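Sharing a structure with you now.
The first chain written gets the first letter, and so on, giving A, B, C and D; residue counts start at 1 in each chain.
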Amino acid sequence: MAALVFRLRAAPPERLDLSALTPAGLVGLDRAAIAALVVGTTKHAPTVGDLFEVSGDDPGEIVFEGGSDRLDRIGAGLTGSARITVVGDAGLDVGAGMKGGAIRVTGSALHRAGAGMTGGLLTIGGDAGDFTGGTAASGAMAGQAGGIIVVSGRVGDRAGDRMRRGLLVAIAGTGAHAGARMSGGTIVTAELGAEPGTLMKRGTLVAGRHGDLGPTFVPAGRYELPFLRLLARHIATTVPVAAGLIPERALRWRGDMAALGKGEILVAAG
Amino acid sequence: MLIRLAGGRVIDPVQGLDAVGDLYVRDGRIVAAPEPGEAVDETHDCRGRIVMAGAIDVHSHIAGGNVTLARLLLPELHVNEAPSPDGMPFAHARWSSWEIGRLYAEMGFTTVIEPALAPTHALQTHLELADLPVIDKGALTVVGNDDLLLKLLRERESRDAVRDAVAHALAASRGLGLKVINAGGAPAFKSNLRAFSFDDEVPHYGLTSRRIVTGLLDAAAEIGVPHPLHVHCNNLGVPGATETVRATMAGAEGRPIHLAHIQFYAYEEDPAGLFRSGAETIAAALAAHPNVSVDVGQVMFGPTVTISLDIMKQYSGHPHASPKKWALVDGDAEGGGIVPIDYRAKSWVNQLQWAIGLELFLLSPDPWRCLMTTDHPNGGPFTSYPEILHLLMDRGERERWIARMPEEAKRRCGLAALEREYTLDEVAIMTRAAPARLLGLADRGHLKPGAVADIAVYDDLADRAAMFRAARLVLKDGRVAVRDGRCTGWIFGRTHALKPGYDAAMTREVETYLTDRYGVGAKAFAVPDEAFGERHVFKVEPCSH
Amino acid sequence: MQPLSLNGVTIDDSFAEAFDMAATGLVITAPTARWAEIAARTMTGFATSVIACGVEAGIDRELSPDETPDGRPGFRVLMFGFDGKGLEMQIQNRVGQCVLTSPGSACFAGLDGTKKLKLGATLRFFGDGNQISKRLGGTHYWRVPVMDGEFLVEHSTGLSESAIGGGNLLILGRSHAEVLEASEAAVAAASTVADVILPFPGGIVRSGSKVGSKYKALIASTNNAFCPVLRGDPGSELDAETDCVMELVMDGLSFEAIRESMRRGLHAACAFGPEHGILRISAGNYGGNLGRHHFKLRDLI
Amino acid sequence: MAVISEAAVGWPASEAEARAAALIGRARLPLIAGLAADLDAIRAAFALADLTGAAVDPAAGDALAAEMRAFADSGQMNTTPAEARHRADLVVVAGPAALAHAVAVGLFEAAASPLYPWRTQRKVLLIGCGDAPAVDFGPTTVAVSHLDADPAHLRPVLAALRAAAAGHGLTAPTGDRPTLAAITAAAAEIKAAAFGVLVYDPAGLGALGIELAQGLVKDMNVATRFTALTPPPALNGKAAALAGLWTVGLPGRFGMVRGVPKGDDWRFDGRRLVASGEADAVLWVGPLAPGLPDWLPAAGTVALVPPGQAAAADVVIEVGVPGIDHGGTLYEARRDGLSYLEPAAPSARPRAAAVIGRLAQIIQGGAAC
């Protein structure tokens, strides 16, 4: 079996919802049935066949070639051990709610990448937008609750919003309010943007530098925490490119005191 | 146009009718059998089917500010997935007014009453009701916690003044009846009381809940409100609330009174301070007070949301919110509270609530006085009515559910021993004839000639849930609204309202009060016909005298 | 049949009789090996016999920083008990009192296993609500605030229900000094096997016991048959030249590990030979009716 | 038949309407923006969105999005201007916009006869409003205190107040503005209130700031009573939100995605839809708006504007202003609810609802061909 490849013929004329193009969505469909799937979001309702050249036959190994920031919901809700590769950019909600498997985007992703995911591995070669690893929608009670997200570039605002569990690595940096309202899990980055950890209850932000913390984070000492060593090892095996981001010695900021105040920001300390 | 529903088993307890025969409809009304030879324009084959009047729900939160706040609070519980059919926009927009009308109609319901019409938000409530397709609507005007009324009572103004103030509120808000919610509880909570019973005093007012309720009973009688005063008692959900209910029943002193969602009060306290079923106590009290009617407020399992103007209760319930978010409005008079809840089959507490509701139905001395509700959505959605009917009509089905009950719940109630099964006739009373009679809507709930042609036809299935979930045919005002369990298109019913008179002096007093309170006058709270464009929304119902 | 011997030392054609036990392991780390060892030794103190101590515990081996989860010096300890429930209680008490209290310490699972015993799962409550839960790569840890920073502890450790307790060797010789020297060498050799501990003081028990006593309250008493001072009693196993007997007891995670440990101990003792006062090697058993694991000395030569 | 409003029935279509209908009807993704109109027009716009598969974005979309998001995420405790005015013994005002709202809804006005006679005195705590705002706090206000803060950045001060009121530790705000002592004193005042009201401006705080402010309010209710008051979104945005909720279950900004209403504050942001080219035609519904937003291109735009308003758009249709030319249901801030407004100067100008209804009729007729 060869990887199932969807090659974009031209820039899509509208936003597309590609959530059906997962092993679960494609099970039992032959080439013609796949081509007939509607992926458009307007009344024009373009199909897979209208927009993509399809080749290959292995739904466990899906490739999108020719990216676009209009390719929404790629691999949303992915389960099992399937692999999806996007050669180029992805749109909204890539890997949102994924429970397992692996998604790799070679370019950048729009907002809510990996939002609400509970398992699996999401890798983005470029940047990712707001709410990466955060909440998927208004009213959602949990952001990322498991699995690993690795963004080589920067992520936007409110990365890890309401995060509960799991690991979010934004190698280059984050926008404002990283880890907002988080209640667990770990965010690792070189640089936190403004007001990180807004209303965080629990959870850990690890960074080399950070933007303005405001009055509701309280310095709580410098430590060589065994936990950081543990984390460094875990990252060295799972996200080798980010291994250097974990300091041996860190200043611990405790907060957000405006909320429960049991979260922490661990910043490299000399 | 003459329509014949041919050969169905027609059940109409009002006429004592349970027989196979034809039913005729002309111009939106039920008519007597035509002369031989008269042409029938349309015939619906009802052979082997059950023909009843359209069902009526006296207590379902389907419109108004708090219903819409619940929509805002819980987007994750009503994610839209299906497109709506052509010609029926928003029919599948979940939790929308449009979907509510469709779903009610598809179960054979043709009249539904919103039980919490806050006078300050009457226009919004009526605008929402007007967007509920197919069914007829009505709403109960909430009084009893508003400062104007409390002040009149406190200052021992004449019964006439109290009556006029209530009549004004009813007329201005275009309600079909009167409702009081934890009388005095809202101002008490605003003064930071966290518990409030029938004989407790509202701080600063020197008034008890009993005074407010009895004052409203007097006013309702004098205005001639056909529907008995609809009372949401104090102490909802509190173990020992059976005593509150008994006190309230006795306090009515023989005057007609309706106690809402009684299941939530049928809780007795055991020596450990935990609750156990008080259904027998409630049933006995109901038997002893023929002036009292109730609706059950059955709990069914699954995630839902509690919506109530009882802000004291809603605040105290917020730690149980699931998911963990909630809203509370310290509004004018009551306001409202929205607390999501997940009734879990694994929880003995929730199982006991479920069992107590069924006990109340099965111990009820009189189907004319014990109505089916879930207090939608508080005990569960109205779409669970078919399951409830199945549980009431089929002991075997009940036993299958009881087998899954935790022992802790089983030994705190007597459900397992109850053998009663509701008959179709009793169902027709409980869901048609009785609510119509209690609402004072004489033209419905039965199939006598002259009645509105709101008719539901069901397949006679052993699976009563399947039977009542999807009516084979529903006529609304003589027009086909549902066929084979599916709504056929948008038609619109009316909103029924009273139009009581009152002394002109009250108009001035209210105007002064509103201007003092809000800085705007009564017009800002009015529900004028013009607000509905060219839609003809309201139908005025007469007061009793 | 020829009598068994090794390097001139008589080997009884006997066997050590051992029992099924439940076992668990822990890895204890600290900023320095010294403090890791202090914590490990303290938590395995008073843990010689499950009967009276509730657990038999000891250090399995020292771990290099590369071998520990947090990259610090560490020790692996093993604990043997009757069942998982008893072990869980011992973990809670011993890690709680001896590791949590020890400067800079951290404590991790030292044994895999599908069955788990609570470790941090109960100790976390010391944090009084300030404990932090962390999951990394499927492993769950707790970070408990303490006065020198944080006590990092894994949520659970593994339980083995196929462990064995009661492998043993009796070293018989001429004098106390000679038997002690050979026993020390035997303990050192026996301890080189992974997954085995010798829980008695320095690995040696000099008060080998028999089952029962003339005193009703006691369930074990001195081993008359191997007590040199009780020669003359009927049933004494000792000849005239044997003035001292010492016993090594091994608990291990597998039959093979114990057998190898016994083998190394036996050879190390025998290496002293009669010329250094080591005369005979025997083993303790109860006639083969009580324990289902039999380590035959003849298989160890 | 997809017309909710029956207002359109029987009207001839003007040439402008025909052209407008062609633009909207042909579009791949029409955007119906503004909804700065009465409730009938909002309802008609929703029906047209259903018919054409459009995106809908009220003029107050951004502010609305933040407020609605915060509500959906955590819930809130709110009150009405009347309740705040008569019952509060402490009014905490966060920032100039909140103060303006408090004044606009008459929070400090004396009542001709006090409704709650036992409530004789009130304190006011101003945060980031300057030391001497030109406001008459009325005869019941016995004390006005000030907490210094940057009005453009109130969130940190509210955070500090909430932390202090909860008894949590704090670090000093940047530049000691305000000082820790001032924060502690303000927190003590808040905790001592019997019925406190926090007035804040959702648009200025953003979703996280709203959640923070609401967190302070909810914390206080464990021991005493506290609630909040906010200005409604501009240009009848609250009516659009409420009607959206009961019509499609979504507040204000949403899209009809192949017949299914979907909410997404980023995706259906009108400005973005136009900039990205995803929306290829726009119906601006703005009889209550002072003008068209600057991001609207003339090409492909149909604008329903009040009389005399200049608009750069392909098709401009003048409509009546609700409350002036014709009656209409609008959100009324002072009484905090939907009110029907009678026309002040009735005219024959067309109602926006009727125009939208006719567009739907024309489009539907065209679609039938």
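FYI, a contact is a pair of C-beta atoms (placed from the backbone, for glycine too) under 8 Å apart; a residue touches a chain by one contact, two chains touch by 3 or more.
From a predicted model like this one, the values you see are computed outputs, not experimental measurements.
A.B. asks: Tell me which of A-D and B-D has more C-beta pairs in contact.
C.D. replies: Pair with more contacting C-beta pairs, A-D versus B-D: B-D.
A.B. asks: Roughly how many whole angstrom separate the Cα centroids of chain C and chain D?
C.D. replies: The computed centroid separation for chain C versus chain D comes out at 73 Å.
A.B. asks: Can you work out the whole-Å distance between the CA centroids of chain B and chain D?
C.D. replies: A distance of 32 Å separates the two centres.
A.B. asks: Enumerate the residues of chain B that touch no fewer than two other chains.
C.D. replies: Residues 73-75, 325 of chain B touch two or more partner chains.
A.B. asks: Could you tell me which residues belong to chain C and also touch two or more other chains?
C.D. replies: none
A.B. asks: Multi-chain contacts in chain D: which residues touch at least two other chains?
C.D. replies: In chain D, 68, 72-73, 258, 263 touch at least two other chains.
A.B. asks: Let me make sure I understand the interfaces: which chain pairs count as touching?
C.D. replies: Pairs of chains that touch one another: A-B, A-C, A-D, B-D.
A.B. asks: State the interface residues of chain A toward chain C in the complex, per the touch definition above.
C.D. replies: 146, 165-167, 184, 186, 202, 204, 221, 223-227, 229-234, 237-238, 262, 264
A.B. asks: Show me the residue ranges of chain B that touch chain A in the complex, using the header's touch definition.
C.D. replies: 73-76, 323-325
A.B. asks: Hey, which residues of chain A end up touching chain D in the complex?
C.D. replies: Those residues of chain A that touch chain D are 13-15, 17, 38, 40-45, 70, 92, 111, 130, 135, 137-140, 158, 162, 177, 180-181, 195, 198-199, 212-219, 254, 256-259, 261.
A.B. asks: Can you list the residues on chain C that touch chain A in the complex?
C.D. replies: 29, 31, 69-72, 106, 129-130, 132-137, 141, 143, 149-150, 152
A.B. asks: Please name which positions on chain B make contact with chain D in the complex.
C.D. replies: Touch list, chain B to chain D: 63, 65, 67-69, 71-75, 78, 80-84, 86-87, 89-90, 92-98, 120-121, 123-124, 127-128, 131, 147, 151, 189-192, 204, 315, 321, 325-332, 335, 338, 490, 512, 515-520, 523-528, 530-531, 533-535.
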